[in-house]
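My structure is below; once you've seen it, I'll send some questions.
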Amino acid sequence: MDEVVRQIITRRRFLQLSAVSAVAVACSPSAVSSPSSAGSAPAGSSPAGGSGGAPSGGAVTGTINVSYPDEAGLKPKYVEQAAAAVKAQFPGADVKIDLQKVGDDDFYTKLLLALDSGTGPDVFHVGGSSIGELADASYVEPLDNYVSQWADWSQYPDSVRTGVTYKGSVWAIPYGLDMRWLYYRKDDLQKAGLAADWQPANVQGILDAATAVKNANETNVIPYALYAGPAGSSGTADHAFVPLLWAYGGELQDSSGKWIGDSPATKKVMAYYQKAYNGLSPKEILTSTKPWTAMREKLGNGQLALLFEGGWVYGGWASANKAATEQNVGYVLHPTENGGPSFTVGGPGTCWYISSRSTNKQGAWEFIKAMNTAEIVGKLNAEDPHPVARTDAADIPEFKSDPYLVASTAALAKAKFTAPDPGYSKVIEAIQKATARVAAGELGPDDAAKRYTDDLTQALGADKVTSQ
Amino acid sequence: MTAVTAATGRTTVDELARRATTEPPPRPKARAGPLEWILVHIAFLVVVAFFLVPFLWLLSAAFDAKASAYIQFPVEPTIMNFVKIFTEHDFARVLANSVFVAVATMILVVFTVSLAGYSLSRLDLRRKDWITYAVLLLQTMPISATMVPIYGLARQLGLRNSYLGLILIHAAIELPFLIWLMKGFFDSIPRHLEEAAWLDGRSKFRALIEIVLPLARPGLGIAAGLAFLSAWAEVLMVIILIDQDNLKTVPLAFYEAMRTQGGYTEVQYGVIAAMAVIYLLPVMVVFFAARRLMVRGLMSSTRGL
Amino acid sequence: MAVAARGRLGRNRLYLAGLSPAAFLLALFFVGPALWAIGSSFTNRALVGLDAANPRFVGLDNYARLFSDPDFGRVILNSVIFVIGSAIIGQFVLGLLLALLLDYAQRRGFLATSLVYAAVLLAWVNPTIIAGFLWVAMFDFYNGSLNAGLHVVGAPPVNWLGQGPMLAVIIANTWRGTAFTMLIFLGALRTIPSDIYEAARVDGASAFRRFWDHTLPILRPIAALTLLSVTMATFGTFILIQTLTNGGPAFQTEVIALYAFHEAFQNHAVGYGSTISVVMLALNLAFAVVFLRWSRARA
């Protein structure tokens, strides 16, 4: 037994020594100008400014590990296409693709565990909203030096670039931007006596339409799905709480950057939740594992009447039955407290990152470039409908000819974005707790709003929270 | 009366346990009255219903192409679910992994635990009780706490994504309880048997193998059965250790199937039910083969320290 | 005397060597991680964000935060309710009743006894992840078997997981674990030869008297330890609850094991998650030690 323990200690010591020497090598002048050297960049690189290797445009060799989650089955062929392009261009390089058929949340947790223990892929694919926390953790490589030498970067408008900038640097490459619609089933609403081209006159209008559907007693039709609680994951914030907050004139942060808890707008949002969960929105949302899967499917086949969800979900319904979807699924922007549909929630979408622990950053960058050509970006986002991040990608015929894609891209002009603040993931946790209490009927709206301030304080500390 | 009881004149726990598991011969007494018969069978019905209904659903869903969450006579009876899991979902590989890991874990555990249980039983230290307690109380460690450090540890030792890692960690988890169980069994085997063998000139090791272990066979059987079942069912550690598709075990495939739900579609109950049915078969085999042994083991384990 | 002592020492060395493979595995995968977890409970370590780049030692801050967290009180309450409901009332009492029923039925020659026995055991030996799957299907609001059954008798469907989550997980966990206590009690009951009951009956003792005088004394010694085992095992359940309600709507079934898991793996706050686990470990240990002392004192 002693022998084995001794061996383990020796091995650990060996790993420590090699890590230290790698840092020493990487910090030496020769390493900076030859990014394809074996030494990895210092793990503690600061987020500001590009301390990564400068792209030399030289030959890329070695293995490039690419890891991404995909459940819908749309991305793999493009990822393979990009991998093939890289291998064709650089014969000495190999691309290893690790496709994980798991949900985004599970993929993210596993990725963090790997990055935390010092390993992980060279290239990975997670939401752009994680930029802040990933950069703060020094897990990702700043891309300024790479994009400054990339001609295609000029195709990305300023608003898109801002979405992936944090503390002055660019951290990820987006390709399909997020926007959301308020979907409604024309057939279900008509059966409830509403117009075929229904539009809510204001936020209350959504509840009124849902109530009409409920009173029409259509079999097997759920009136409305409003995400709440931890089960809804980020959807509880982005597809429910946040647009409602904005609709009622509230903000997530005040001008000094503090997160707002209780406020008049927050109270109104909680009151809205209480009304929604009083017979209109199903309580199963609170306990299902991935409620959005079921809710999206139900809207697609007519068993759900109203849902505020991602624009990309439309693609799933259209690919199953294009004609029926076009006929029966309507989509409008989100209304405000006193006005009709006028805004939506935008986001940078899922993006491609380079790990700061990568030993083949140049190769990783080549893959990202290959994955983000105008052709791939356009085609991928035509199949999995998102407005494109680079404007030339919208010029491909598949994109221009689809009225849905055109509408989604136009709607982006009316999108409001959440700030890429690393604290946002903690705010989402607090939102989940607070909405769950109202939805489950434990607290009334005013008390729930007050507890929301407490939850925010618990998660972020009193100095970052305020109430109005 | 076993040889041991005859030799020592004391009834060992094992003897008691053996008595406990042999069914008493049915008494040739008056038939139970009709009221009694009805009441007992009503009670039986309620109990059986409560415990078996979920499995009824499982069977009906596994053979149904349009399975749903409620029990129904199969709408579209088929065995295609069972075919699909092997052709579309690579279940053969996953099942093979589970079998390999569970069997290997069982072997490792039996070896380690019998050695440790015997040693602990025969150890002659004043503070021996402390060791026994310590082993037992290791079980109080919540597993969610150890998941992150085991991730780091396994990565550093190169045990992630490997059969060896799975086997070692699955084995480690079961050790506290089973060591304690085996110690109890060995405690009930009197020492003078092996001491006699030592005087005869046999080495301690041979004495252990030839004299003691055969007497502890029921205990070993239980340890083997429990080790197999636990490795067969382990899921949390597999999540931590395995990312690669070709190393997945069934519990992980299950866990992912339930949390992934195939992208835009809902749970495919029929397919998952078919997986569950096949996954349950070894469990039932092990259990039915070892049911008497299990009772004896459990009885002995709660005898007290 | 000296020879015997030397022999003993030599034998002890051999026995310690025999313990070493097990000790090695336990040290590596139990003790090591446990110490790491305890250590990290004093840091603000996280899997992402600033705390991931620079984990700091924060002393007792995590513990202070935990004990002032209003949700923690709820979590402890949930855990207590769950243990009382599922372990004590559920598995222990139900197991005892089942054991009595089966023992009685067996002695009276009811043939169906084996079937009942097997049914109870099947629920126990199947892997937890299957049990979770089965009960998710049973409790499903729209299509679940329980609601389908209610529909058949004309009753409205019940939202088991939405409105009675604690009851639902207690039922599922009881279903799962009752066999353990049943087996133990049944084993004990079977050691009583039927003659004793027969003699007592002939003597004119009532059923209650027979139970009190002959059955209970056999059950008492093992009851304590069985209760301890079941309680500790139930305290640590979390896969079943995670599968069914994942903490329940609005924290209603968030038990401490699940809370620790969520903090570490959902909210990526590893240090804080370890803190919760350490508290759980302390509770487990305290309970086990007290219980063991008490049962040894009685024995």
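Just so it is clear, A, B and C label the chains in written order, and each chain counts residues from 1 on its own.
Convention: a contact is a pair of C-beta atoms (placed from the backbone, for glycine too) under 8 Å apart; a residue touches a chain by one contact, two chains touch by 3 or more.
Bear in mind the structure is a predicted one, so any value in this text is a computation, not a measurement.
S.K.: Would you mind checking which chain's mean C-alpha position lies nearest the centre of all protein C-alpha atoms?
M.R.: C
S.K.: Farthest from subunit B in C-alpha centre terms, which chain would that be?
M.R.: A
S.K.: Can you pull out the chain pair that has more C-beta pairs in contact than any other?
M.R.: B-C
S.K.: Could you work out how far the Cα centre of subunit B sits from that of subunit C, in whole Å?
M.R.: 16
S.K.: Hey, how far is the Cα centre of subunit A from the one of subunit C, in Å?
M.R.: Distance between chain centres: 38 Å.
S.K.: Taking the mean of the C-alpha atoms as each chain's centre, how many Å separate subunit A from subunit B?
M.R.: 42
S.K.: Any chance you could list the residues of subunit A touching two or more other chains?
M.R.: 113, 116, 289
S.K.: Could you pull out the residues of subunit B that touch at least 2 other chains?
M.R.: 148, 152, 258
S.K.: Can you list the subunit C residues in contact with two or more other chains?
M.R.: In subunit C, residues 21, 23, 243, 265 touch at least two other chains, as defined above.
S.K.: List the residues on subunit A that touch subunit B in their complex, please.
M.R.: 8, 11-12, 15, 71-73, 98, 100-103, 106, 110, 113, 116-119, 289-290, 293-294, 296-297, 300, 313, 316
S.K.: Which residues of subunit B touch subunit A once you look at their complex with the stated criterion?
M.R.: Subunit B reaches subunit A through residues 148, 151-152, 155-157, 240, 243, 256, 258-266.
S.K.: Which stretch or stretches of subunit C touch subunit B in the complex?
M.R.: 8, 11-12, 14-19, 21-23, 25-26, 28-34, 36-37, 40, 98, 101, 104-110, 112-113, 115-116, 119-123, 125-138, 140, 142-145, 147-148, 175, 180, 183-184, 186-188, 190-191, 193-194, 198, 221-222, 225-226, 229, 232, 236, 238-239, 243, 257, 260-261, 264-265, 270, 273-274, 277-278, 280-281, 284-285, 288-289, 292, 295-296, 299
S.K.: Which part of subunit B faces subunit C closely enough to touch in the complex?
M.R.: Subunit B residues touching subunit C: 16-17, 19-21, 23-24, 26-27, 29, 32, 36, 40-41, 43-44, 47-48, 50-55, 57-58, 61, 68-72, 111-113, 115-116, 118-120, 122-125, 133, 135-150, 152-153, 168-169, 171-173, 175-176, 179, 204, 229, 232-233, 235-236, 251, 254-255, 258, 269, 272, 276, 279-280, 283-284, 286-287, 291, 294-296, 298-299, 302-305.
S.K.: Quick check on the complex: what are the subunit A residues that touch subunit C?
M.R.: 1, 4-5, 44, 105, 109, 112-113, 116, 130, 133-134, 136-139, 229-231, 282-284, 286-287, 289, 422, 425-426, 429, 433, 436-437, 439-440, 442, 454, 458
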